[in-house]
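Paired with subunit B in one complex and with subunit C in the other, subunit A is shared by the two complexes that follow.
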Partner chain A sequence: MGAGHGHRLHFHGHSALHRAAAHHKVLALLGFMLVVVATPRGWWWAYLAEGVLLGGVVLASRVPLGFLARRMVVETPVLVFAALLPLIAHGERVDVLGLSLSRSGLEGAALLLVKATFGVVAGLTLAATTEPQALLAGLARLRLPHQLVQIAAFMVRYLDVVTDEMRRMRVAREARGFTARDPRHWGVLARSVGALFIRSYERGERVHLAMLARGYDGRIPLDLDRPQAPAVAPRGHGHAHGHAHEHAAAPVPALLTAPAEHA
Partner chain B sequence: MHVPDGFFDAPTSAATAVVAASAIGTSLYLARRRELDDRTAPLAGLVAAFVFATQMLNFPVAGGTSGHLMGGALAAVLVGPATAILCLSVVFLVQALLFADGGITALGTNILLMGVVTVLVGYGVFRVLQAVLPKRASLVPLLAGLGALVSVPAAALVFVGLFEVGGTVDVPLGTLASAMLGVHVLIGIGEAVITAAAVAAILKVRPDLVHGARRLPTATPLVVRTSPVATPAAPAAPTGGEA
Partner chain C sequence: MSTPVLDVRGLAYAYPDGHQALFGVDLHVHRGERVALLGPNGAGKTTLVLHLNGILAAGAGTVAVSGLPVAKEHLQEIRRRVGVVFQDPDDQLFLGSVRADVAFGPHNLGLRGAELDARVMTALEQVGMAEHVDRPPHHLSFGQRRRVAVATVLAMQPEVLVLDEPSSNLDPASRRELADILRSLDVTVLMVTHDMPYALELCERSVILHDGTIVADGSTRDLLTDDALMARHRLELPYGFDPRTVGPAPGRAPAPAAPAGPTG
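And then the complex of A and B:
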């Protein structure tokens, strides 16, 4: 696993949805979900219309339905909660297969399922059609505080490095014949968490020093007009100014797509 | 579990989003001023990646079930409350937008419940106990664990309160509160044990990295020990280094 291969949820494609600007897609997702959440109970035709609209967008993205379906496992806890609702909710009871269920609970669970499923499908479609670095540039464009975008940029950039470090620690533990099976093994896992924190924090310190050496002054210039900036900053004239200048001037997208330095 | 879309009604979602946004704004200011200065972005980014990774690490509980760390109290004790809120907020933002985990309309609710509440309650308990107990670094893991223990049921209680105000299903308050509290006290115990053990492990290696132990004497003074055997009277004639 290295950087620059897009995201695990990202599905490479060239549909109109892939080409659409990330900040438009985020706004569309937010607007659509606000409408879904605000749709009153009983307006079944409205839910039908929202479902048809969402289905059309999914089809237009040309992301295979199986790709999306496999990633819908994140919804599992919601299913469990929805299954419990009819058992514990108030109100008039109805008998279904010998179980006394609450009618309002059943309705509520159905609504929750519909809304949550719309949310997961719409969210997955955004994730599948948007590169992480385009998403970050879009968030900056939506006037998310610069510091927050930078933190998110560093997180996304080093996510694979850190999770990979954790995976290697697990492999190392298992190579020594250890598998965590019950709470008596928590101590070992907690020490791994501690080691992972120290490694992550020290990596952060080294990254910060490396950036200072290249002229970092607390701000990363965001080049919003070029969200699809090339991964490698063009040399040519810039070469004479040396490496430091190039890095300091590199826009966030370039910073994000450049191979992760194992600082 | 992350709150999905449609769990709370629109006004509740909007209100929690406003609260979460103001908490993030305050944290941005405080993190830059008091905790990390210009190192904020790279360090908070790496800590956010760390929190994300630990949330993927499963701790076996019993009978094949497992849980994972929420990490609010842990992050607060390690890097300070303001940075911790920033890290957790970014984790939820990335999870919502890149992993479709937690609804986008419920993003404010998720940040408020699992970021702001766990951090503030966990760190608050930690600092209050630290103020009344003897100032010893050896107590830091225990206090961090106690903070984590309280932070998880506190988040569950805030969830119940929100559900009462803006829940989409009419569930008796008592049933929901006792069910949520029961489950989350158990989760809190796991969170407490793991937080304490992780903080203890970090204190042994890099005590300077634990924000909650900053003002405590953590290092033992350096002692120079000499032994008569190791100090020969006169160096022998040079024999040519490498040879």
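And then the complex of A and C:
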């Protein structure tokens, strides 16, 4: 058991982007995405400018391009949809390699592709240059409702635990000769997901008990991640990367998993 | 004799679904004792533990901690006095760093500032984890997480430490390290365990809980060597382990942080 160091999306580094405050990066990402989404069709120079800007930021972060590229698989569903657009959209047709395609569909697909890629690359760059704890602190600084930050904190804390549980269940299935190859097997997978949900829910209850046992009374302690006295010896042992504003989280353990179906 | 740290009298409890787990439990634990709570699965051990700090409320009978009855109006004080270490450290360590997790309890008790920092560091030093104070719990080994889980409770300076299966899932070295730590602490301990050698090593006294009542209470060595008693209550010694041939348990180890305390 045991998780690797750092989060899978995080790339350890010391670039200016790594050092930048998390809430600034979140705001920059949000602003960039709003501009990208709002850029009208046909303003190709604007897209070019956005692309150059994003490329510059990625290079400045010194995160290897391969690292980002591998994680871009999350974009696949968008790619599939973009590929379908020229076939199913209406309007003026153009012939490409013997296929009759919709011109507006082609344009739409290209736009979708560009916007989605910008979004995914920008998001991955944020994740690669910001520790999850720092990101949570940044969200708290941006006045995201406290409960939401807490839920996100629990998710970060228990993601590895739940994925590990999921992996063990898969290994146990495969050890008994089961591999999900076609839709007929989806029922088994669905039941596994249900079981995982129940387990995670029960863990949420146990976490809650453990919190109660230490006197949890509904108040949320803030900033327990750093020494409390005004000026004490510097921290910075081991693997803390010197983020001064790491953030503590507390309750709502039952909500730590994403909503899942009931078995 | 002084007021017992744990004073359980006639405790009975049935879960809301009607399943009755405890049928009149009587248990006294005195200051400085280390007591093992033995019993087969389903005997009601965890249910009993959850009564000690008021997470479950007694159906009948009473629980008192150093004379203070476990009741709603002083739950907070009860939970300071009774430190429960749960079996799975991943349940106990739910914050982003070791420091935050250890600070959580004392913070709930109202400690702030330098005093809180000192509590955190002292507790971590007691379990030998001070250098990991700023690491996220999920980056620690299982044995280290179990030790931090103990520290989260020590930081509240409890009068009694209640451990649920402290040696479960530990490799032999981590198991021994935890035993050394527990021996070095100057605190009363109630330890729920299936690990008979561990009970013999750490606890002079044991009680056996079976079907919701205490069926035996005595020196650990006497209980473990009473074959008929053990068999009657579904308890077994591991293969090759014979308490009769084991030397006397080691005393309290000299502790780096805690002074050797009184026993008995």
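As a working rule, the second predicted complex is superposed on the first by the 205 of 263 C-alpha atoms of A that agree within 3 Å, B and C clash if a C-alpha of one lies under 4 Å from a C-alpha of the other, contacts with A are read in each partner's own complex, and residues count from 1 in each chain.
One rule holds for everything that comes next: a contact is a pair of C-beta atoms (placed from the backbone, for glycine too) under 8 Å apart; a residue touches a chain by one contact, two chains touch by 3 or more.
Nothing here was measured: the structure is a model prediction, and the numbers come from that model.
Of the two partner chains placed by the overlay, subunit B and subunit C both lie in contact with A:V207. After overlaying the two complexes on the shared chain, residue contacts for A:Q133 are found with subunit C alone; subunit B is out of touch. Annotation for subunit A, partner touching more residues between subunit B and subunit C: B.
Of the two partner chains placed around the shared chain by superposition, subunit B is the only one that A:Q150 touches, whereas subunit C remains out of contact. Judged by the touch definition given at the top, the superposed model places A:V120 against subunit B, while subunit C stays out of reach.
Shared-chain residue A:G215: touches subunit C; no touch with subunit B. Where the contact sets of subunit A with subunit B and with subunit C meet, they give residues 132, 153-154, 156-158, 161, 203, 207, 211, 216-217. By the touch rule above, subunit A contacts subunit C in their complex via residues 1-3, 5, 132-133, 136, 153-154, 156-158, 160-161, 203, 206-207, 209-217, 219, 221, 224-230, 232, 235-240, 246-250, 253. By the touch criterion stated above, subunit C contacts subunit A in their complex at residues 50, 53, 55, 76, 79-80, 83-84, 86, 88, 90-92, 94-97, 99-100, 103-105, 107-109, 112-114, 116-117, 131-139, 141-142, 152-153, 156.
Residues 1-2, 4-7, 9-10, 13, 24-25, 28, 32, 38-50, 52-54, 56-57, 59-62, 69, 74, 78-79, 86-87, 89-91, 93-94, 96-101, 103-105, 168-172, 175-176, 179, 190, 193-202, 205-206, 209 of subunit B are the ones that touch subunit A when the two sit in their complex.
Per the touch definition, subunit A reaches subunit B in the complex via residues 7, 9, 26, 29-30, 33-34, 36-38, 71, 74-75, 77-78, 81, 85, 88-91, 104-105, 108-109, 111-112, 114-116, 118-120, 123-124, 126-127, 132, 135, 145, 147-148, 150-159, 161-163, 165-166, 180-183, 185-187, 189-198, 200-201, 203-205, 207-208, 211, 216-218, 220.
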